[in-house]
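Given below, in the form of structure tokens, are the structures.
In the two complexes below, chain A is the common chain; its partner is chain B in one and chain C in the other.
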Partner chain A sequence: MNWAFIAKYLPMYEKAAWLTVKTGTAGIVLSVIIGIICAAILYYRVPILRRLVSTYVEISRNTPLLVQLFFIYYGIPKVTGIKTDAFTCGIVGLAFLGGSYMCETFRSGIEAIEPIQEESAKALGLNKFQIMRYVLLPQALSISFPGFVANVIFLMKETSVFSAISLMDLMFTAKDLIGVFYKTKESLFLLVVFYLIILLPISLLGSFIERRLRRG
Partner chain B sequence: MADFNLASIGLDVLFKGKNMARLIGGLGVALKISLLAVAISIPSGILLGVLMTWENKIVRFFLRVYLEFIRIMPQLVLLFIVFFGSTKIMKLHVSGEMASIIVFSLWGTAEMADLVRGALSSIPKHQYESAAALGLTKTQTFFHVILPQTIRRLLPISINLITRMIKTTSLVLMIGVIEVLKVAQQIIEANRAKSPNAAFGLYLVIFILYFLACWPISMLAKYLEKKWKV
Partner chain C sequence: MAEPLLFVEHLLKQYGDKVILNDINLTVNKGEVVVILGSSGCGKSTFLRCLNALEPIQGGTVRLREESITHDSKNLTDIRQKIGMVFQSYDLFPHLTVLGNILLAPTKVQGRDKAEVTQEAMALLERVGLKDRADSYPAELSGGQKQRVAIVRALAMHPEVMLFDEVTAALDPEMVREVQDVMLDLAEQGKTMLIVTHEMQFARAVADRILLIDDGHIIEDEDPEIFFTAPKSDKAKQFLNLFEFHRPKKNK
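Let's turn to the complex of A and B:
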């Protein structure tokens, strides 16, 4: 192991790791928003929109992110003429994928709540929005928490394919260093370490909160 | 649109020469890798999953570290480790396809083991106790009481693992395996001048091909899940 090499290229990895965290976080936040909206549409059985949402969920869950990204990044601009940069494209792709995963998780969370909850809320005079905001959503969120954490980790991991649309993330940096300096061992070591730094805390925090939720 | 034709959305290249057949062949490579990996993962995952429910703390600790590491690392990182690492560190030449099969088998095994462990530990304790009270031996309890219930919980989620595997194999492009995306890139490159919009048409077709490969399997899993709902 060449430690001088590692010290020299550590800042480069650090920068790449921030890019991974930034794109990942932005994509996940958007996924949660899309997921909540889609889950609400499915739950309230909104006509027409409901069909669109379930079609979207099936399409997004049954195709790989890499193919989605290639289509968005290389395909769509050819026909529409709208060229987006890799950064935006990565976030959009991740949100497209994550939205459906979050939707499924939240939907099963809402469906797990007994109907008596909604009926009681109605009897107390809460309106549809209030029922969602104060009765269903808080319970659904805690029921779907384990699934939510699994989705967050899954989406963070999926950001590794962003290097395919030449976003200079951790994967890109590692591949670059392997190609240029042939320092395979060091590059791979740093790659693993940085992914652990990003993903391990999410996983540990997730299981910690999950245990608290189960107890409380 | 009056001037709409296949070329404007880049679908014309699909019907040139053997391009469509080449694309399908490329998807075949990805499917072959995923099915091989699934065939290895399911039995070895079941074995590890059962081992994880054992009382032996040392076995459980090492299995846990292995499984958690594999499951937390992006599959692409694992591919890089095996593909680039094996050449450099172990002085072995591993082809891209071989590296993919190794990585997806390791990953699939870890995922499958987790599913098996989850399914086994979700069987309530009273099932074991009642079986013991009825005088069944440990082997009888496992084969006649626990296994049938576990399979019902396990089958839909393991079928889903197949679709996850198929989707994940799209990554093999990144270690130079000639699969469907690589074939598309070659076709786009070859037709750059004559049909500049080929990227749209080809990636759309690949999108649809992947969907057609995964969707029926997902539907089957959903159907079984509903049918066997506990």
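Let's turn to the complex of A and C:
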């Protein structure tokens, strides 16, 4: 192992890692928002919108992120003439993929709640929005927390395909360095280490919160 | 002077083709305590649920004063605030504390001041003997305590009518009384209540009026003393017989 090489390119990885974390976090936050809205639409069977949501979920879950990214990065500018940068495209692409995963996770969480919860909320005069916001969602989020954490980790890992639209994330950096210096071992070592630095805390924090939720 | 509050006219309730309630007519006066009896599956819960439009009805009308209560009323949430309901199964929100459960609807739905509602909630909790449990979560309470909180939660909305659907049926026997005492207390204060119960002694003690539902109809609408001592219809006699025990004669 060439430690001098590692020391030299560490800052470059660090920068790339920040980019990965930033795009990943932004994409995941948007996924959660999309997921909650879509899950509420499906749960309340809102006419028309629920058809749109089901179609979206099917498309999003059954096409690879890479294809979705290409479509957003190369396809949309072709059709609309609006060109966006790779960073924005990465976030939008991740949100498009993540929204459907979060939607399915939250929906099954909401559906696991006893119907009496919604009924007693109705009897108290809460409207649909208030029932979702104050009664169903808080319970659904705690029920579906394990699935939520799995989604977060999955989406963070999926950011590795951003390199395909030339976003200078971890994967891009590793490929770049291998291509230029042929230091495959060192480059991959750094790649694995940085992904672990990002993902392990999420995983550990996730199971910590999960244990606390289960206890009480 | 009796002031009519709740009106039910020609109520028809069906599940699919199955008629559950057929041509039900009832007027409940302010301050009246009406106990609804009937064998299991006769439609008592369904009836209560029609009164706050948790169930759509297929015919007739339900009104609170002038306001008609139907499943698709625009002001349904407004009307439901005026009709409190407590269910048989524990229906407290598990992610909120006792106080959180009580405050939710008054603050979010009625937009009342949190401090004011908290004060009222604490006073109500004290009255049902649960002042020290305000910060507990429902999972930490016994069944009887949960039901008392559920009653307080409904009362905090200042409803004009309270509906109780077998609120003691899922309780251990030693907890039944503490919940019934709360309801007796409310009756004494002149709350308008419709109560479904299988506890005959309690029914007799709390009721101003007894209704007996059978085959989709109200077949008795009677003063409790008359109903329990000299029931008129055969159906009522049969129903009351279910609760009588005769000491077996042993052959020595």
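Everything that follows uses one rule, which is that the second predicted complex is superposed on the first by the 216 of 216 C-alpha atoms of A that agree within 3 Å, B and C clash if a C-alpha of one lies under 4 Å from a C-alpha of the other, contacts with A are read in each partner's own complex, and residues count from 1 in each chain.
In this section, a residue touches a chain if its C-beta (ideal position, glycine included) is under 8 Å from a C-beta of that chain, and two chains touch if they have at least 3 such contacts.
These figures come from a predicted structure and were not determined experimentally.
Room for both chain B and chain C is found when the two structures are superposed via chain A, with no clash between them. After overlaying the two complexes on the shared chain, residue contacts for A:Leu126 are found with chain C alone; chain B is out of touch.
In the superposition on chain A, A:Ile197 makes contact with neither chain B nor chain C.
Once the two complexes are laid over each other on the shared chain, residue contacts for A:Ile116 go to chain C alone; chain B is not touched. Between chain B and chain C, an angle of 110 degrees opens at the CA centre of chain A in the superposed model, to the nearest 10. When both complexes are overlaid on chain A, the residue A:Leu10 reaches neither chain B nor chain C. More residues of chain A lie in touch with B than with the remaining chain of the pair chain B and chain C. With both structures placed on the common chain, the touch criterion links A:Gln139 to chain C but leaves chain B unconnected.
Superposition on chain A places chain B within reach of chain C only down to 24 Å, the least C-alpha distance between them. Chain B makes touch with chain A in their complex at residues 8-10, 68, 72-77, 80-81, 84-85, 87-89, 163, 167-168, 170-171, 173-174, 181, 196-204, 206-207, 210-211, 214-215, 218.
Listed in rising order, the residues of chain A touching chain C in the complex are 114, 116-117, 119-127, 130, 134-135, 138-139, 142, 216. Against chain A, the residues of chain C that register as touching in their complex are 52, 54, 77-78, 80-81, 83-85, 87, 89, 91, 93-95, 104-105, 108-110, 137, 139, 150, 153-154, 157. Across the complex, chain B is touched by residues 58-59, 61-68, 70-71, 74-76, 78-79, 153, 157-161, 163-164, 171, 174-175, 178, 182, 184-185, 188, 191-192, 195-196, 199-200, 203 of chain A.
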